[in-house]
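Listed below are the structures to be examined.
Both complexes below contain subunit A, partnered by subunit B and then by subunit C.
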Partner chain A sequence: MPIIATQPSVRVVTLRIDGQDLSAREDETIIEVCRENKIPIPSLCWMEGLSVVGACRLCMVEVAGQNRLLAACATRVAEGMEITTNSEKLQRYRRTLVELLFAERNHVCSVCVSNGHCELQWLANTCGVDHVRMPYRNSGYAVDSTHEMFRVDHNRCVLCTRCVRVCDEIEGAHTWDVMGRGSDCQVITDLAKPWGESDTCTSCGKCVQVCPTGALVKQGTSVGEMVKDQHFLPILARRRSAR
Partner chain B sequence: MSRTICIDPVTRIEGHARISLQLADSGEVEDAKFHLTQFRGFEKFCEGRPYREMPALTARTCGICPVSHLLASNKACDDLLAVTIPPTAEKLRRIMNLAQLLQSHALSFFHLSSPDLLLGWDSDPAKRNIFGVMAKDPELAKQGIKLRQIGQTIIEILGGKKIHPTWVVPGGVNEPLDSEKREAMLKMLPEALTIAKDTYGLFKTMVPKFKDEAEHFGTMPTMFLSLVSPKGQLEHYDGFIRIKDAQGRIVEDRVPPSDYPRIIGEAVEDFSYMKFPYYKPMGYPNGIYRVGPLARLNNAESCGTPFADVALAEFHMLQEDSGPVRSSFHYHYARLVEIIFAIETMQRLLKDPSILDTRVRSRARGNRNEGIGVSEAPRGILMHHYKIDDAGLINWVDLIIATGHNNLAMNQSIKQVADAYVDGNKLTEGMLNRVEAVIRCYDPCLSCASHAFGQMPLSIELKDASGTVIDRLVRDA
Partner chain C sequence: MSTQPAATAATSQATTGSAAQIQPAPDTSGTKISVATIWLDGCSGCHMSFLDMDERLVDLAQQIDIVYSPLVDSKELPEQVDVGIIEGSISNEEDLHKAKLFRERCKLLVSLGDCAVNGNVPAMRNPFKLEAVYERAYLENVNIHQQIPTQGVPALLQTVKPVHAVVDVDVFIPGCPPHADSIHYVLSELLAGRRPEPLRMTRFGA
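Then we have the complex of A and B:
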């Protein structure tokens, strides 16, 4: 006898995104509805299967009646919402945000193991970043290559904290965390120990797979060879929430 | 009253440089210096990076010969891994290196130097460029462009792109060759060989016309340093270091490339950002040597391919005595011989059935803390030397670039040419063009840019000791 799944008592709302009439569950966020309906919204920190932090601000959208922009990843849909995802103003803001990410650290794509498979590079391409208008900070960040299997290059980190969340929420190890403020902010393992000396790291590699850039990579890869596989995450997240 | 002539920038070379000629009261040239005016800093900013980034990082040294850096760097990384790469990977790397040699030599000969050779040293500078060559001999210009295109296309077929491919990796290459690509390359090579042989034949007939230049363009006695194969043949990828002296006697032979620090030292002068490598046992600056096509052909006993061997025998006849060919003017000749060699060798390697083997990569992690990679770039021997920590991060780099090896020789050559041609009392454009032309013989690769052919602004000033300009020549951009 088949098991009948209990239907959650969630209401359905209707809304309009970029002139398109849509319906969605009221517990969904704008970015989830956009993804379901193949409406492109850029994002770096948001990832299906992880909690929401709303840090990168790339998914900002315009909502009619609101006098400020809202993060699509952190805003639930509501009845009658009218959303614009790709206005000229939003394009300008997104491009500037991506440029700031490039200016802050040293993302030299041409020599990166993730070259050609990098979400930041793809975003730059999508947002039309053909050059960076603000001066580069050119601050040198360390590379931690002490782990047997993986490497972290803080020069290429965008502080999306996907690694922190996947390690905590999915793997349950909480090896990764964030230390420092402003431009000194960086992800750390354990209490800022070298990764290779971490007592908590299980070497599962989930942090490496979810990292959008070449910050977390496998050892032994050469330029352009680091291709990440993120398909595991929604499956693991669903299984975890079903427990 | 001493005066200085400054040629700034030197045109039709790769990169940025200037030449200064110091004149005595009589107007004779007292001293000549070749200044590299750009600073890159690769050896310093590579520190702290993972060694696997080094091939791509150091390839950015140059846009003309990135493959040379890619290969030397990967060889240094192979050394760090302590692996022997699969034989097929070595053959594939050799093909890419020869394709690079072909395109770079074609660029040097046709695009940069043929305007001087075809149109004349004293011809109108506005026309003394590749466009002038196109106007005078369109077929030759077309052939030159075609030859370079074939070299670039082979690099693209193998590595995915013409400039800065990442196909060569520590341990081998990251993808085997398929038969379709092999056929595509083999199809292009007969045309390339025809062009190369025709150009060689043409230049051979032109050489007697340049007797005067051959006598004054860098004929000073120097040693010659290059790689040779274990059998003493022409070699561009591996082998041993051989040094011959100005009389053709072997000074060093069968020196493993990893032993280069024993024989090569690097001096620094305050007038140039380029170091001055020298042969250590003879000290600085007596340990002057030349590298590149001239040195390679002087050191090789044979090429090992039919047409190139004939051309090599004819090359040796350029020198009337039995010693090595000493004039740097004959770098041009040597380049054409090497182009023939490169095409013939690529044909041989591609026809080898084992070239399609799929085992093309050895995998390992860093097993040594020090690695040395040496190969022959188009302009001469190229050395990459890295030290890494136990985590695989670079903590020391030494790069000895082919053009650097020729630094002492280039400085002496411009002095010799200036002595022969420059009259400090009255400057002519053709006179100074010869000073630039001797530098072009070495085809120096000073950075990664080849600027507009002969169209860069050139300003030459003749000043007296008080700084008053007494004569001035200006070539507008």
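Then we have the complex of A and C:
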């Protein structure tokens, strides 16, 4: 039986993004409007179908009349808003953010199972990162291969928390969470038990599919073989909200 | 470490000074661009990729002169070179010395490949203490003549570094190895007196 769409009483606002006059529903965020209108804004933690955390700061934009930058994923559109998405300042900040992600952990792209299918790699290229100007931290992180199907390599984790949110909000298992602060911060399964010993994990693999890098991968994949499929997420999210 | 201001200075120099100087004059066929290449801590894959330019090397040889390289016989780096290309990371004292020598003598310095650009596989030893690395390589994994070499080999640095961490670099070509097309693109742009944008062609791990 088809789901009958109810007509919500949301208003339409008009706004200007990079000199382009646009209209949008007032309950939309800036990044949603940009994605609909093919205006490229880099993002990492944001994902259609998951809740918003505004953690990666890559989608920061300039809004006229605001003396600070706003995260496009966490800011709703408003009537008459004037937004700049790609100023020189924003480009500089984004490049620095991506460089810091590379400097923090050990993303050795050439030997990564996600090589060529990685959002961080793609971001490096779109943000002009041809080298990292800061010194690398060179701290080693653990690799947990105890799960029979999946593996987590914390050296390649960017702490976007997509895995945490998809596990909680879509799968409903809440196996993943976040532990520690600063450079010790890491995603954990159950109460920092090895993944293979988790009582809550359903082995659905959603966390693996939404992970933007080679941090969460399938066992048995070799360099460049880990191709992820994230198409399921908007579909499941829509069904869930239509319930 | 902040090489940015220096690198920018070198960059602007390269676009206004060096790159203009290295622009070939097709009618005065006597002047070729001198190119030096070196293989530091890498696998030589980048040099192999250089050779993979195949028949394009013939045309290239009309315009450039390889004055020092693992690919040619000369043993001494000339005092003045137009373009220096470094493959591999800075892992020991010899690498460090050679990178500095290249910077001194080359007008334009190119980091070729992921090892030179970001440390790559050689830098995977960095999370471990140097003593542990020595022990693993020369004691734990060896059955006979277990010993840590001290003579005739350069001492390892505490951490492996990308080239731009020790000297200023003008052009970065990421990739493991960068495709021959990427190397050809960069050299062609430099020969045309333009500033190459290697990220159009290649990326980390490419």
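For this structure, a couple of remarks:
Just so we're on the same page, the second predicted complex is superposed on the first by the 239 of 243 C-alpha atoms of A that agree within 3 Å, B and C clash if a C-alpha of one lies under 4 Å from a C-alpha of the other, contacts with A are read in each partner's own complex, and residues count from 1 in each chain.
One rule holds for everything that comes next: a contact is a pair of C-beta atoms (placed from the backbone, for glycine too) under 8 Å apart; a residue touches a chain by one contact, two chains touch by 3 or more.
Because the structure is predicted, anything quoted here is derived from the model rather than measured.
Look at subunit A after the overlay: subunit B and subunit C clash there. Contacts of A:G196 after superposition: subunit B is touched, whereas subunit C is not reached.
Of the two partner chains placed by superposition, A:V77 touches none, neither subunit B nor subunit C. Looking at the shared chain after the overlay, A:S110 reaches both subunit B and subunit C.
In the overlay built on the shared chain, the residue A:I39 is in contact with neither subunit B nor subunit C.
In the superposition on chain A, A:E225 contacts subunit B only, with no contact to subunit C. Once the two complexes are overlaid on the shared chain, A:G140 sits against subunit B and subunit C alike. By the touch criterion stated above, A:V132 is placed in contact with subunit C alone, subunit B being left untouched. The residues of subunit A shared by its contacts with subunit B and with subunit C are 110-112, 115, 140.
Subunit C makes touch with subunit A in their complex at residues 1-4, 7, 111, 114, 117-121, 123-124, 126-128, 159, 162, 164-165, 169, 172-174, 176, 198-199, 203-206. Of all residues in subunit A, only 110-113, 115, 140, 142-146, 151, 153, 196, 219-225 touch subunit B in the complex they form. Against subunit C, in their complex, subunit A makes its touches with residues 102, 106-112, 115-116, 121, 124-125, 128, 130-136, 138-140. Residue ranges of subunit B in contact with subunit A, taken from their complex: 48-50, 52-53, 55-57, 60, 164, 166, 169-170, 174, 363, 365, 391-393.
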